[in-house]
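Chain lettering (A, B and C) follows the sequence in which the chains are written, and residue indices restart at 1 in each chain.
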Amino acid sequence: MFLKNTWYVAGTPQDIDGKPLGRTICNERIAFFRGEGGQVSAVEDFCPHRGAPLSLGFVRDGKLVCGYHGLEMGCEGKTISMPGQRVRGFPAIKTYAAVERYGFIWVWPGEQSLADPALIPEFEWFDNPAWAYGGGLYHINCDYRLMIDNLMDLTHETYVHSTSIGQKEIDETPCTTKVEGDSVITSRQMSGIQPPPFWQMALRANDLPDDGPVDRWQICRFTPPSHVLIEVGVALAGKGGYNAAPQDKAYSVVVDFITPETETSIHYFWGMVRQFKPQDAALTASIREGQGAIFAEDREMLERQQKNILAQPDRQLLMLNIDAGGVQSRRVIDRLMALERAKPNTAVAA
Amino acid sequence: MFLKNTWYVAGTPQDIDGKPLGRTICNERIAFFRGEGGQVSAVEDFCPHRGAPLSLGFVRDGKLVCGYHGLEMGCEGKTISMPGQRVRGFPAIKTYAAVERYGFIWVWPGEQSLADPALIPEFEWFDNPAWAYGGGLYHINCDYRLMIDNLMDLTHETYVHSTSIGQKEIDETPCTTKVEGDSVITSRQMSGIQPPPFWQMALRANDLPDDGPVDRWQICRFTPPSHVLIEVGVALAGKGGYNAAPQDKAYSVVVDFITPETETSIHYFWGMVRQFKPQDAALTASIREGQGAIFAEDREMLERQQKNILAQPDRQLLMLNIDAGGVQSRRVIDRLMALERAKPNTAVAA
Amino acid sequence: MFLKNTWYVAGTPQDIDGKPLGRTICNERIAFFRGEGGQVSAVEDFCPHRGAPLSLGFVRDGKLVCGYHGLEMGCEGKTISMPGQRVRGFPAIKTYAAVERYGFIWVWPGEQSLADPALIPEFEWFDNPAWAYGGGLYHINCDYRLMIDNLMDLTHETYVHSTSIGQKEIDETPCTTKVEGDSVITSRQMSGIQPPPFWQMALRANDLPDDGPVDRWQICRFTPPSHVLIEVGVALAGKGGYNAAPQDKAYSVVVDFITPETETSIHYFWGMVRQFKPQDAALTASIREGQGAIFAEDREMLERQQKNILAQPDRQLLMLNIDAGGVQSRRVIDRLMALERAKPNTAVAA
């Protein structure tokens, strides 16, 4: 139950640094590696010889060599050579369009003829010296839509992340949700509040007083298939909030690329980009560590929620105003999945 | 395949000391907590908002607060409040009758209109300064009836507990089994034997010689749904055995509350009450430790027996005289389960 | 999907040294123990009393005593005694023909009337002071036929065992495969090559120069049900290769007894017999350790290959010339399995 004719984040260049990577994306077992010329390549993780996972092998001259009997697989899914064998008649294996961009490996798990790199969303901040990015990867046993719900309703911060970014005012401040085409935006503005610990740290990193009051904003944006970007920040109170001048605020974007592994598990690529002190690598590492701890707090909740729901699959859940972001995001997904089923040869999730 | 219109032990007051407890009882996922006024409350472990387990949350002013988005659940299964929400229309969740008594939390997993605290069995020894109790909880992956079999046939002590309470004379002495209404009693009397290590310890604790000979008794009593109480003890030989004067014997009762978690797993509440030196907390701790080690010896046997039986579900097992206690107990259970199915609105296991 | 009317290796005498052994062979749960007179016995691992695994008990005077309630099981599958019981009417349990030979316990999991010890294959090297044997046991989660494939195509050594016995010349040298009745033989001869590390060690152990060149051979022989013996060795180049005089070569036989546990798991008994320095126990231990490390390298590959194949059960695999050994072995197995199904009362895998 996920869109397949679309781009997903599959990993990072480090994951294929000198070795292949085996990873399941949308139920497809895929081996990623650097092909000739260094470009990212992705093929079925299944050796046509005897079914061994190609990702257990090694890369030689841009070819993926099976670690069992030495079959040499090329980027096109065709066997290039095998010791002592004529390989011309070997059956080809499936390939997947894969692109290295923004510090990630992107893969298209669906109909390959539709895989157009131009459909990868654009981000201004990656590969941009005015911004710094730090992030990581968590494997979580839940439906990818539960993670979308999580990120499109930040009232959970008050409870799940009470010691870092949560605060009572998130709960108390209504959010507004709007749909723009295939995007869903949920936003919340809080005025004249005390900054919670994470934002106190960010204020200090911006050479601003950390004892408030501040204005705080959260603008969550879902885009298909399952990306959630969240503009977050605080500005000294009364300086214009989200629109305050850079010297009066700490501003960053939480980046969430949620990639389904199976129906009930995900690869969760989380991170944060910021404009302040982008050259400060120690700050990047510190933020990354803090954010990693925060997102680890979600894991048990999501996995236990998933188990509860699987045990009672027909039970109706509530759809409150705070859930509007998740509800609308699911509607977009459902609409695009219906389109994908109706027209399997059309890329719908651009 | 268990009785549901009856009381089971779900835990102890310590389990809900300042925090909720999530525990599955007879396939029902239940969150236990202290409600307003401090009384034990039990509700479905399923937040009506998005299905998170309520037991991952916390208790505030007698309400159970969901740890995901702050929904506040009351003892009646009705949402009391939620930040920024009108909760009047929220669907109620299931509640379970729960009672704190005898140092345990009792729960009624079945038809709630039938839950009458008067149906909780009476025990003279709990909350009685003339008696001391110590016990613990084990989780075991077996059908609860295999544990009843275990406890209603103590010849296994000779083999499973050979270094503590087992002795050859248990095997050699026939038992007698009788049925009294819904109770089943299996008893065995041994005369002029050497006490095994556990009873040597108890004799010393009673200021009695530990080098025998003694008369020893075991009187196992099953009562529905799945409680087994075992009167055990030794008296100096020839002093009247079970009926000997207190100064001539060491006497205690093994308390076994067997609570089904699923069809093939149990929460096993084990313990012992004794009349001798009830104020001696060190003795209580020592007995508890020894008993815990003994009951841990049963676990592997029961779990491996369960696997063997699941692999050959149609295979007939023997029903010997020593098995009469378990066989009769199962007949009581079967009869009451048939009644429960026929009259779901009648409490049958009182 | 395995032959059952045949002998399999179930364990070693050490496994039943003073205690019973519970082991599943071809889906049969079996308890092995030493009966009266010390002979190996094998019975169902299921106590006729209450289904406990007999292998959790102990052996007393050649009888297997159930560790739950003391039922005493004899080698014939009949209950010999039980405390306080008349056992004459107890149902017998299944017994399995078991033979101790060659330092192994052999078991016949199928129709017992056909179990003829004369059908155990003959080996000249076991119990022969001119030879030394060292070996071990691995449990691997794969179909036994994947292990046969592995051993009948040694080109995998170049990849899986690149630091010990692998070398490029294995890949480059064609093998020849022939079928002789129920046996399949795949052989490869390499001339004038450098010996890889394992064989350098063996040359030194034979007081021969270890810096080559040598002639090397590999002669893999499959026999039903799932044994693979591999004659391996190196001789100083030009001295006659396989047929060189003993003083000019290092020669040994890899012994692989592959015993199905279930459809997708095996007990893999691996080892090596050698003629050189058979009295040198330190050398035996050293070879055993090296071989154990080598065979451990196969495990992950086989288990991951198995998962890949289970995920795509209908996918055709290639059958190259290097696979001929495995392919022909499977044909023998298939033919014998068809015979076994057609004539269940005939031993077909002799």
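The criterion applied here is as follows: a residue touches a chain if its C-beta (ideal position, glycine included) is under 8 Å from a C-beta of that chain, and two chains touch if they have at least 3 such contacts.
None of these values were measured; they are calculated from a predicted model.
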item	value
Superposition rotation for chain B onto chain C, Cα-based, multiple of 5°	120
Chain C against chain A, contact positions shared by both copies (same if over half, else different)	different
Separation of chain A from chain C, taking each centre as the mean of its C-alpha atoms, in whole Å	48
Multi-partner residues of chain C (each touching 2 or more other chains)	none
Chain B - residues contacting chain A, complex	29, 45-46, 48-53, 56-57, 65-70, 82-85, 90-91
For the chain C and chain A complex, residues of the former touching the latter	149, 153, 155-156, 158-160, 168, 171-174, 300-301, 304-305, 308-309, 311-312, 315-318, 320-323
